[in-house]
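Some structures to go through are shown next.
Each of the next two complexes has chain A plus one more chain, namely chain B in the first and chain C in the second.
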Partner chain A sequence: MKLWRSIRGTLDAFWITLRTLFRRPATIAWPEKRRAPAERFRARIVLTRDPQGKERCVACYLCSAACPVSCISMQSAEAPDGRRYAAWFRINFARCIFCGLCAEACPTRAIQMTPDYEMCRRDPLSLLYEKEDLLIDGPGKDPHYDFYRHAGIGVAAPRGTLPGERPPEDPGSLLP
Partner chain B sequence: MSPALLSALLTTAHVAVLLGAVLTAAAYLVWFERKLLARMQLRLGPNRAGWAGLLQPLADVIKLLCKEDVIPAAADRTVYRLAPALTALSAILAFAVIPLGEPVQLFGLEHQLVISDLSVGALFLLGLSSLSVYGVTLGGFASSSKYALLGALRALAQMISYELPLGLSLAPVFLLAGSLSLSDIVRAQADFPFAVLCPVSFVLFVIGALAEARRTPFDLPEAESELVAGYHTEYSGMRFGLYFVGEYLNMLVLGSMGTVFFWGGWLGPGLPGPLWFALKVGLFCFVFVWVRATLPRLRYDQLMRLNWRWLLPLALINLVLTAAGAWLLRGGV
Partner chain C sequence: MPTLTIDGRTVSVPEGKTILEAAEAAGVRVPHFCWHRALGALGACRLCAVTVLDGPQKGVRMACLTPVQEGMRVSTLDESSWNMRRSVIEWLMANHPHDCPVCDEGGECQLQDMTVAGNHAVRRQRGRKRTFHNQDLGPFIEHEMNRCIACYRCVRTYRDYCGGDDFGVLGSRDRVYFGRFRPGRLLSPFSGNLVDVCPTGTLTDKTSRFRARPWDLEEASSVCPHCALGCAVIPGGRYRELLRVRADPRPQPNDGFLCDRGRFGYGYANRADRPRQARLEGRPGTLAEAVAALRERVEGIARQHGPEAVLLLGSARATVEANALLSLWARRLGAADPVFDLAARRDGAARIFARAAPALRATLADVRQADLTLVCGADPLAEGPLLALALRQAARRGAAVRVIDPRPVPLVCEAERLPLAPTLVPEALRFLAGGNGAGLSQEVLQPLAETKRLFDAARRPVVIGSAEGLGPDGVRALLALVAGASRPDRDAKAALLLPGPSSFACARLASAVPNAQDLRRRLGGGKIRAVVALEVDPLAEAPPAVTGVIEKAELFAALDYLPTATVGRANLFLPSAGPYEQDGAFCDFAGRLRAFARVLRPGTPILHTGKGNHPPRTFSPDVPGGDAAPAWEILAEILGISGGLSGARAEIEKAFSFLQGLAGLRADARDERVLPGGEPPAPPGAPAGPEPAGLRLLLSDPFVGWEPLSAHAAVLEVLRPEDAVYLNPAELARLGLAPGARARVEAQELSEIRVARAADLPPGLAWVVRRRGSALSRLPAGEVFACRVAREEGA
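What follows is the complex of A and B.
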C-alpha cells in the first residue's frame, strides 16, 4: 500500500507539471507591460506642499531620526515670520530601503511615499536627491491638512508677538 | 571523379553536417529546456535575445568565449585542461554509430546515413558512456576544490552504479534483435518497437539514462544547493561551456539510444526517416525536462538503495524472463 501511494504521488506530480505547461505564465514582461502598483505602494519619497503651496516640512528631524539606514539628512532654518523650514534636505536613495518609517514619523505630512518604483541608475551619486528634486507642487495624500493653521505660528503673527507670549529664548546666551 | 574519392568526400561532408547539426541541436536543447522549464513553473523563460529568445544560445556561447579562463593555483593543470574536452568528446563520438535512416542514393552512390555502422555499435555506445565518467571525475579531482571533489566522488559512484541497470536493461533488446549493430536493432523493430515488447526494460533504461546524464532527480554530482556546482565548480569560460555542451550532448545521445533501442529509430509512417528520428529524440528530451521540472533530488543513500536494491535485481529478473520468453516463442528446446 505504501509503495502504491508513493507511485501515485510521483505520477500525480507529473500530471501537475504537464497541466501547468499550458497555463498562462504569471510573469509580467516589464518594461513592455507595466503593472500599476497599489495606491499605498512605498517607493520614491517626495516632499509635499500645504494647500497654500508652501513647504510643509518644518525640519523637525523626526524622519531622519526614524530612518533605520540613516539616508535622510537636512539642516533646519527659520524664516523671519517664525516658520521653520529645511535649508537643505537630502535623501540618499542608494541607501533608502523604502520602509516608510519617515512618512509615518512626519508630523506635518510633508514627507510621503509615492508608487514610482522605477529608479535604478548606473551612477549611485545620481540617486542623491536634493530638496529641489524631492519637492513636488501638490499636497499629495491628505490634501487639506495644514500644520501651520493648527499651530498658528507664522500664520497669525511672528513668534512671540501674540498677546500673552514672550519672545523666544536664545539658548546660546548665558544671560538670565 | 572516382567513386572512392566521391565516397570519401561524401563521408567528410556527412561528418561536417552531422557535427554542426548535433552541436546546434545541443545548443538549442538548452533553450528548449529553459523555455519548457519556465513554462512549467509559470515563468516566461528567455525572451530577450531574438524572437522568443531564440538567439539566447548564441549569446551564451559568445559570453562564455569572452570570459576569463581561470585555473586554480593548486589545480593539476594538464588534467584540468583536458577533462572538459573528454566529456564533450565522448558525447560527440557517440553520434558516429547512431543510424539516422535507411541508406540513400547520392550522386549514384549508396550512402549510409550513419558514419560507421559498427557490428558492435551498442557496445561502443556503452563504452563511451563509461568513458564520460572520466571527464567528470578527473575534472573534479584536478580542480583541488572540496566542492568539485565531492561532486566528482558522487558522479563516479553514481555513474558506475547506474551503468549496470542501463546495460542490463539493453540486454533483452540485444537478445530479441539478435545483433549489436544499431541498424539491425532498428530493423528488428519493424513490427513492434521494443518499448512495447519489453516495457520493464524501457522504464529501467529511462531511469538509468537520467542517472547517466546526471539529471534530476539524479543530479547529486552538481547539486547546486549543496555543492555550488559540483565537479565543475572551478571551471569558467569555454571550459565550463564544454561541460555544459557535453551534458546536453549526453542528453541527445541517451535520447538517441532510447530511440534506437526502444522506439524503432527512424522507422515510422509518412515522414522521412531522419525526421522521425529527430521527433523521437525530441520527445525523449521533453521527458527529460519534464522529469526535471517535477521530481526533487534524491538523497545519496536513496540513490544507492534505488540502484542496488531495486533496479539491478529488477533488471536481472527482466533479462532472465525475456530470455525465457524469447526461447519459448521460438519453439523451445
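What follows is the complex of A and C.
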C-alpha cells in the first residue's frame, strides 16, 4: 500500500506539470505587458485638492493616528486666511502596507489611494514622499466635496452665509 | 454618613454630598459638562441625568444637584436617564459646527467623547445652525463661539474662581455669548485656565494653535519652574519642541489651576538663539570636552591658588540635585559654600525660614483654608501668582485679607491695605505678636490694633511675607508671630515667598550663618580666579562691584539653557537641559520636595532644523543640538558619581541628612517629602546701618519681565509692565515731575530713565519694578538704597 501511494504521488506531480505545459500561463510579462488594476485597488497614496483647487488636507493628524505602521508624519500650521494646513507632510512608502486606513480616517477626503502600484525603488530615501510628491492637481474621488463649506467656522465664506447656517447672532439683543 | 447604591455598588459619603460626587467615590462615571471639582455644580448642561430608583424623589434627577440620602438606589444605566442623556447630546450637537478636524480640542474634547458615548452620529434636526462672531481675546486664548455648549464653566472660572471681571456672559435664550464686552486681551493673570476648564474647543490655547494633537504629545508629571510655589503641571512637547503646559487636574497643591506665567511662559525652551553647543574659550566643542576642562581648570586653580580662589554660584532655578552636588563639589574642593543668592538680605531671610518648624510653614492648601490672611511686605501676584489665587479662595470662604505693604499690592480679592514704609513692616509684625509698637505712628497703630484683634480671634490665620520684602529681621518677626499664636486649638502658619523653585532647598543647603559680610570679603580680596555659574545670570542680577570680580576671573564657566548675558561672556560654557528636559526635584516654598519627570529630550526643535519645512532627509544617529545634559548629570560626572540620577541622589542623601527621602520620590505619584526644620541661625551681632536719608529706592518684581524663564518667552512680552518710577503724588509735585514725564532715577551709581507715575505710596519712596537688562534691577533685592529722581530734559 505504502509503496503504491509513493509511486502515485510521484507520478501525479509529473502529470500536473505535463498537463499545465500546454495551457496559457497565468502570469504576464511585466513590464512589457501591464494589467489594469481594479478601480478600488489600494496603492500609492495621494493628497487631493478641493473643487477650488486648494489643498484639502487640514493636517488633523487622523491619518497618522490611524496608520498601523506609523508611516505618516506631518506638521500642522495656520495659513493667513485661517485655514489649517500641513506645513510638511511625509509618507514613508518603505514602511507603508497600503491598508487604506488613512484614507478611511480622512475627514476631508484629502488622502486617497490610487491604483498605481509601480513604485519600487532601491534607495529607501527615494521612497520617502514629501507633500510636493503627494499632492495632485485634482479632487480625485468625491470631486465636489469641500470640507470648509460644511465646517461652520467661517473659513470658506463669511460666518453665517453658507447654506445650513443662520446669520451671526447679536448677543447684545434682548429680543425673544 | 448616608449609604446608597449606585449601579449595584454600595458607597457611603458624608452628608451634603451629591449623587455625582458619590458616584465618583464609588468609581462610577457619570457624564457631565458643567460640574467641575473646583467650581461645583450648576445644573446647566443636564447631562448628568441619573435615575433614582429608590429614594424620596424617584425618577430622572440631575446627579450634580441631588444630595444623597440614606438608602437611595441610583442607576446610571436605566433607560429613562440614558435616553435623556442621549437627547442632551443630540440637542447640544444640533448647533455644534462640523469642524473637529480643524479644532485644537479634538482628541481631548469632552463633547467629542460624550457624542461618541451617546451614540450620536447623524444630525436629525433639519434647521440651520446658529452662528456667532468670534472675538480677539489677546495672544493667549483663541475664541470660537460656534462651538460653545453654554456650560458656564468659563465664566465661573474667570469671574468666581480667578476674580477677573472683563469676561462674562451676554445675550439671552439660545444665543448666550461668552466673551468680553469689547474684543481685547483678557486682563486676568489667570486667563489661561479657561483653556483647561472649557470642555469643548470654544476657548483653546492660542500659543500652541494648530501645532499638535494631544495623542501625539509627550507628556509627564512635572513641577512648574517659574516660581517657588511648586504647582503641579503637565507640560507637553513634540518634535523636540515644548508646545504647551497644562495644570495637573489633581487638587494638590494648586487645585488644578495655573497662572499665565506658568502656562504660557514655556517659550524659553524653544528659542532659536538658545545656546545648545559647549564653548571653550570661544571655540565650539563637545560637552564631554567642556566637562573635562571645567573639572581640570577648577581643580587646578584650587590647587595652585587655594580653594578660596573658587567661587561657585548656585541657582534658585536649577534642580535640588544640581545645587546639592554643587555644595558637595565645594566641600570636596575645600572651598566655601556656593553662593545661592547674590542678594544677601533676601538670602538671609530665606535661610531663617528654611529652618522653621514644618508645622509653621503654610502650603497653598493652608492658604485656601485660612480664615484670616495677612500679606506683609509681599506681592503674591508677582512673586507667586497662585498664592494670590489661593488668597482669593480663602476670601471667598469668608476670610479677611489684610495687606501691610508700602506698595499698592494688586490682589484678585477684596483686601484692606495699610501702607507702611518697608522698614516698619517687621515692627508691625512684632506689634501683632504682642509688642509695644515702638516706632509706629498713632495712625498706623489704630488699624494695626484692629488687625491684631482679628488675628487673635482667627483659628487658621496665615501670614504671608516675602524673603525680599521682609529681610532676616522681618522673617524672625513673622515666625515669632505664628509660633506664638499656635495653640492646640489654633493653627497659625506662615508662608514666605522665595525667588525660585529650588530656593528653599538652596537656603537649607547653605550654612545657617548669613554670609553677606563673608561674600563681600571674598569678592573684595581680589582672590577669586574661578567662577562657576550654575544656571544663574549674575551679570544681569548683581551690582557692578560683584560683576567686575566675576568678569575679571581667569575662568568664568557657565552652565545654562537660556541665552543670558552671563552665557555670552563666559569663557567656558556647558549647555544644560531645561527643567522639562530632565528628571529631578524642586523644593517648594513650604519646604516640600517634589520630583518631576522628563517631558522631552533636549535638542533643536524640528521646526528650526527643518526651517519650517519637513525635517532634513538625512540619516544620523545624533540629535541636532542634543548635546545638553541635566546640570546634575554634569556635576555628577565632575564628582565621579556614577549610577545616573539614583546614584547622585544616594550620594546627596549621604552628604545632606535633611534631604533624606529624595531618592524615593516618584514624579507620577506626585510624592512629596517635607524638609525638616533646623537650628535657626543666630541674629546678627551688629545692627543694620543707619537708614539712608531722603528718597529711598524700593525695587520689586513684576508678574512678567524679571523671572528668568518667562522673561525669555516672547509671547509674554505683552504682559511686561511699563518702565516706570512710582512716587507719592506729593513727592512727584515736589520734584517738579508731571505724571508721564521722563525721569532719571539714580542709586548706587547706577541710573536709568523711567516714566514718572503717581501711586499710593508712603512719602519718601521711589518704587521701581525690575526688568531684565535694566541697570537699577542689578541692585541686590531687599536692600534699601538712597536714590535720586530728577526730571530728564530733552529727548
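As a convention for this text, the second predicted complex is superposed on the first by the 132 of 176 C-alpha atoms of A that agree within 3 Å, B and C clash if a C-alpha of one lies under 4 Å from a C-alpha of the other, contacts with A are read in each partner's own complex, and residues count from 1 in each chain.
Assume a residue touches a chain if its C-beta (ideal position, glycine included) is under 8 Å from a C-beta of that chain, and two chains touch if they have at least 3 such contacts.
Here the structure is a predicted model, which means the values were calculated and not measured.
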item: Partner chain in contact with A:R23 - chain B first, chain C second, else both or neither; value: first
item: Touching partner for A:L174 - first (chain B), second (chain C), both, neither; value: second
item: If touched residues of chain A are counted for chain B and for chain C, the larger one; value: C
item: First (chain B), second (chain C), both or neither touched by A:A13; value: first
item: Contacting residues of chain A [partner chain B, same complex]; value: 10, 13-14, 16-18, 20-21, 23-27, 29
item: For the chain B and chain A complex, residues of the former touching the latter; value: 36, 38-44, 47, 290-291, 293-295
item: Residues of chain A touching chain C in the complex; value: 58-62, 64-65, 75-78, 84, 87-90, 107-108, 125, 128, 130-131, 147, 150-155, 159-160, 163-174, 176
item: Contact set on chain C toward chain A in their complex; value: 97-102, 106, 128-133, 144, 146-147, 170-173, 175-177, 179, 209-213, 215-216, 239, 606-607, 610, 612-615, 617, 619
